[in-house]
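I'd like to ask you about the structure that follows.
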Amino acid sequence: MYELGVVYRNIQRTDRDTADKLAHLGSATVHEAMGRVGLMATSMRPIYAGAQVSGTAVTVLLHPGDNWMMHVVAEQIQPGDIVVAAITSPCTDGYFGDLLATSFKARGARALVIDAGVRDVKTLTEMQFPVWSKAVSSKGTIKATIGSVNIPVVCAGMIVNPGDVVVADDDGVVVVPRALAAKTLEAAAAREANEGEKRAKLASGVLGLDMYKMREPLAKAGLRYVD
Amino acid sequence: MYELGVVYRNIQRTDRDTADKLAHLGSATVHEAMGRVGLMATSMRPIYAGAQVSGTAVTVLLHPGDNWMMHVVAEQIQPGDIVVAAITSPCTDGYFGDLLATSFKARGARALVIDAGVRDVKTLTEMQFPVWSKAVSSKGTIKATIGSVNIPVVCAGMIVNPGDVVVADDDGVVVVPRALAAKTLEAAAAREANEGEKRAKLASGVLGLDMYKMREPLAKAGLRYVD
Amino acid sequence: MYELGVVYRNIQRTDRDTADKLAHLGSATVHEAMGRVGLMATSMRPIYAGAQVSGTAVTVLLHPGDNWMMHVVAEQIQPGDIVVAAITSPCTDGYFGDLLATSFKARGARALVIDAGVRDVKTLTEMQFPVWSKAVSSKGTIKATIGSVNIPVVCAGMIVNPGDVVVADDDGVVVVPRALAAKTLEAAAAREANEGEKRAKLASGVLGLDMYKMREPLAKAGLRYVD
Amino acid sequence: MYELGVVYRNIQRTDRDTADKLAHLGSATVHEAMGRVGLMATSMRPIYAGAQVSGTAVTVLLHPGDNWMMHVVAEQIQPGDIVVAAITSPCTDGYFGDLLATSFKARGARALVIDAGVRDVKTLTEMQFPVWSKAVSSKGTIKATIGSVNIPVVCAGMIVNPGDVVVADDDGVVVVPRALAAKTLEAAAAREANEGEKRAKLASGVLGLDMYKMREPLAKAGLRYVD
Amino acid sequence: MYELGVVYRNIQRTDRDTADKLAHLGSATVHEAMGRVGLMATSMRPIYAGAQVSGTAVTVLLHPGDNWMMHVVAEQIQPGDIVVAAITSPCTDGYFGDLLATSFKARGARALVIDAGVRDVKTLTEMQFPVWSKAVSSKGTIKATIGSVNIPVVCAGMIVNPGDVVVADDDGVVVVPRALAAKTLEAAAAREANEGEKRAKLASGVLGLDMYKMREPLAKAGLRYVD
Amino acid sequence: MYELGVVYRNIQRTDRDTADKLAHLGSATVHEAMGRVGLMATSMRPIYAGAQVSGTAVTVLLHPGDNWMMHVVAEQIQPGDIVVAAITSPCTDGYFGDLLATSFKARGARALVIDAGVRDVKTLTEMQFPVWSKAVSSKGTIKATIGSVNIPVVCAGMIVNPGDVVVADDDGVVVVPRALAAKTLEAAAAREANEGEKRAKLASGVLGLDMYKMREPLAKAGLRYVD
């Protein structure tokens, strides 16, 4: 977040298999498996419902109203990457549209996560190129000032290091640091394996109060029932 | 809103038939029939378009980042209820997901209205369990502090007493106090009966200016036309 | 924005053909063609996805919680118009619903753009009458105070003069002043003609860095690559 | 919140002595003594720093952009009251200025708490008539629609019944229901009596960790220290 | 708002005497005298309390994160002017600090009104150079892209034409179009002349209900009193 | 931001002399010297005007509505430190009041920077213990869940590592990474040395246009003057 004017070409990406497998677990399960950390701000919303992806982060830091570095980051994309874009101060301009999406897609990017605005959302939806952003805006940007590529950034309140895993779906965007990815995948998978049985019990009318044995701790905490 | 640590088991629900019939009238018509009061803040949005429900409120007061009481309120749900969840201070965390929805649904709940966040929205949409919330968030919550169930709460700016009717659709969430429900249903139905004829007139090109006889009062208010 | 209590009946509309042709170019391209000005605030969102329209503005200035002038503006609508509604102070109330939409549609209006709330969005979606607004709200309004019709207004941060062209789609709402409409149409069309070839190149893997010859200016600006 | 067009003349005010004594304890201590409930939204800010008051609530419900009922509520003020004003939908207009403040003051009001805007803040500061509001705005209001006086209202997210105690200072606005006022005063006073000793210990360098005996529960919760 | 890259050197300023006399009437009275129009958004706050100014507008349109045009507008300032700065999309950066304030002051400017951020507020307060802005921010800006000077702009939701009068104080910022300035001054002065007597009456305990003869219209509107 | 339940006791603080000297340069100059990076969100405001401090960061990560770790971080404070508090999801509760301030001050802390709420602001002002926060709130917090101390955190959008320098004043809060502190001090001091002369020139009426030789680049960028 502090170094301007530099592009790091060689980053250590999370192991591809691990990164890929986190997608179907979804952001909520992954977030729980992380110990309830790693979630970006809830202002980050998908431009269309239903997309669910994971990938390795390539990061880009841009200036307000200036998308020049979007073209620079495009060259650093490898298949399976997700571009994570942070801005040096709050901006809602449309940094990204169908032409850049065409380029990103051709390079193998799976999605864009940007703490700013996006445009051409109808075309992006037709292309099925998912974007999580805080705004949709027709407003174009200039190409005047350089930022950086593949430095650590803060995007929507969360630290993202290049090579980290990004998991994004309708519930939001979660970041899994590279060093924690394997452990998180394991924990998330275990968590999910567990859920089928729970769901069946709850569907049959068993209460969480009983399934999770909460009645005693609730009483100990002082909960009273009044008829 | 002031009593913590208590669960009221016996509440007086609005008459089922009245509560049920308000659904198809919709929140806008019901709101008008109430004299234009009872609407929650417009920050409350449905997680998917098209749901239109009414039901009797069971209320729950929770703490920021803590969904323990969600399991407590589940037990108090009766078929035809809508759970209304208020938080003691602003929070966007995901208090509710597919497991709780499974449990609520098994108990007969029709919807959740929560002045906080919700997650697993893709699954909730598939289940067709509607939620009105101010946020979508992967962030899970802890189970550490007790709140209350079936006390009067303020949810998204509106007082809700247990047993009141909640009417929710794409236009928002309206609360009808139990004592006013029958009268409101009557007024709303009368209002709606009226609308077909008006719509036909307007569709034929008749102006509201003429249909509502507004030209004279507008002139009296000083409106001038300039050619 | 400064004159209350007056309705201008005769306004100079942008040439119909020009106004109509701007629709399919879309708000982003038109906004670029304008030199990146004319966009309303990004808080203005369509009530349903996919609508893409252009038309000539008839303007209306209303007071908070009061939609009386909506009936007055209805009479001034001509086929191909888009109603642009501004409020004298921030308000999220539902100024417009299915009855007014029926009337506007009967008069030939193509859309409503309102810096406030709208209701009956399910019905409006079924009617395919598009609205761009900053809120959805069941809350009805009174009819007590007069505003104005066809005066210059500020809607969502942008000046709109009666007769200007409004272009609205999923990316937002752009205003094209009447005097600039022909020139803007030409520039936007030229811009779009250009895009097919660019898209094909980018899809083939050519980088924007090369296509736009950015490597040299980036280096001149000081961008460094680190391996 | 649900009854329009009525003024309740006779309300049961909290005992004067109790209401008065809560002022010097301050909103934070009173809020704690209530069990951490009763606080209005943090968007409610004083127009000048340093005011610290308590008093009995007289309530008023107004419409957006309309302050007619402010004159109605003035007549219901008794010495020691604080006026609590709620609006039927969000509005930032300036409902209250120096003339109304002069009138309120003459009637014995101690403050105004309003979930909207206020104006003439320089004069109000000179008069030392404190106001807690969510906005400051020059915008005046009309007098066209009736609301209610001394009905239960929701102001900035909190239920206020006429006769409840309002405690307001630089930290915010807390509501103490009449039935809980005596008990709350006692608890708040006890709490404060306690604080002098604690403050002295902390000032001498004793840690809260030791003073509150937190080390063991923290260790039990799993906290690890790394050198 | 639509023309980029141009500086209008000759603008028609409102008569100096009229512009100057509006200051002491204050934004609230002037706003009322205008018929309750002309107020900028309430997000515009003074950097220090107590300043009360009026002056003739010189306008500047800037881009997000770019304050180049601030130096261009400085040259167009004449004694008695107030600079009104609009940005082409929302930005909170600090466009203005003590160096520019020194320059503006040397040119005779009385204040800055900017729909963005400002910095060095401690020094500006010491200099007694008032600024109304929506943010305070240390973040500096670049000098890369040209905007315009003395074109019509929208600042914080209000149209400002060069030469209009700006009246700003603790209650907000009001714009008086040049053509309405003389009439507005007259109406505002009349309004104020009126207020002393009203204030005395209200201070003596006379109610607005009686002074404004509201009891009959309130009864006619249906207001009921309940004992 | 990713590790919960741990307290790092040994952190590498920026050299004391460097950290201390940054205070008087102020956040705006330091921010410029950093290359315009490092600023926290502008929602972070001081509880009273005029404080200007710098110090070494000790960091703490807390949960919504839970200030338990505030007592843990107190023990890690050394004279000259500034506590930087981040929350795992957005919260406005009052995590910090006069008792904790007494303890922090006794340990030698210079300030608190917290992306949440604070209370007892009147007393904190009297104590002259400055706090930068996004809210003021009477609402107290519980002590139920552990977070971490001296891990890297994101506070108000900016990465803070323990031992970094924090510079805070009326313009905002800037973070200077330890590795950049000496260089930043030098650059900031040089920048400031420069400003006196510039200020004198501007005060004498010289324009920035001439002092910074901007006329030629502006003309080259296409700026036109119209008489």
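Each chain gets a letter, A, B, C, D, E and F, in the order it is written, and its residues are counted from 1.
Convention: contacts are C-beta pairs under 8 Å (C-beta built on N, C-alpha and C of every residue); 3 or more make two chains touch, one makes a residue touch a chain.
Remember, it's a predicted structure, so these values are computed and weren't measured experimentally.
Participant: Just to be sure I understand the contacts, which chains border both chain F and chain D?
Facilitator: Neighbours common to chain D and chain F are B, E.
Participant: Where in C-E, B-F or A-C does the D-F interface recur, with over half of the contact pairs identical by residue number?
Facilitator: Equivalent contacts to D-F are found in A-C.
Participant: For the homomeric pair chain C and chain E, should the interface be classed as same or different, according to whether the shared residue numbers exceed half of all numbers used?
Facilitator: Because over half of the interface numbers appear in both copies, chain E and chain C meet with the same residues.
Participant: Go ahead and align chain B to its copy chain F using Cα positions, then give the rotation in degrees, nearest 5.
Facilitator: 180
Participant: Approximately how many whole Å separate the CA-defined centres of chain C and chain D?
Facilitator: Distance between chain centres, rounded to whole Å: 42 Å.
Participant: If you average the CA atoms of chain E and of chain F, how many Å lie between those two points?
Facilitator: Each chain's C-alpha centroid was found; their separation is 31 Å.
Participant: Send over the residues of chain A in touch with two or more other chains.
Facilitator: 36, 39, 88-90, 92, 137, 139, 145
Participant: Going by the touch rule set out above, what shape does the chain contact graph take here: line, ring, star, complete or other?
Facilitator: other
Participant: Which pairs of chains touch one another in this structure?
Facilitator: A-B, A-C, A-E, A-F, B-C, B-D, B-F, C-D, C-E, D-E, D-F, E-F
Participant: Which of the residues in chain F come into contact with chain B in the complex?
Facilitator: 63-66, 88-93, 137, 139, 142, 144-145
Participant: For the complex, which residues does chain D have touching chain E?
Facilitator: 5-10, 68, 70-72, 74-75, 92, 94, 97-100, 102-103, 105-107, 117, 119-122, 125, 135-140, 143, 145-146
Participant: Can you tell me which positions in chain E touch chain C when the two form their complex?
Facilitator: Touch list, chain E to chain C: 1-2, 4, 34-39, 41, 88-90, 152, 154, 157-159, 177, 180.
Participant: Considering only the defined contacts, which chain C positions touch chain A in the complex?
Facilitator: Those residues of chain C that touch chain A are 26-28, 30-32, 36, 39, 42, 45, 49-50, 52, 169-172, 174, 195, 198-199, 202-205, 207-209, 212, 214, 218, 221-227.
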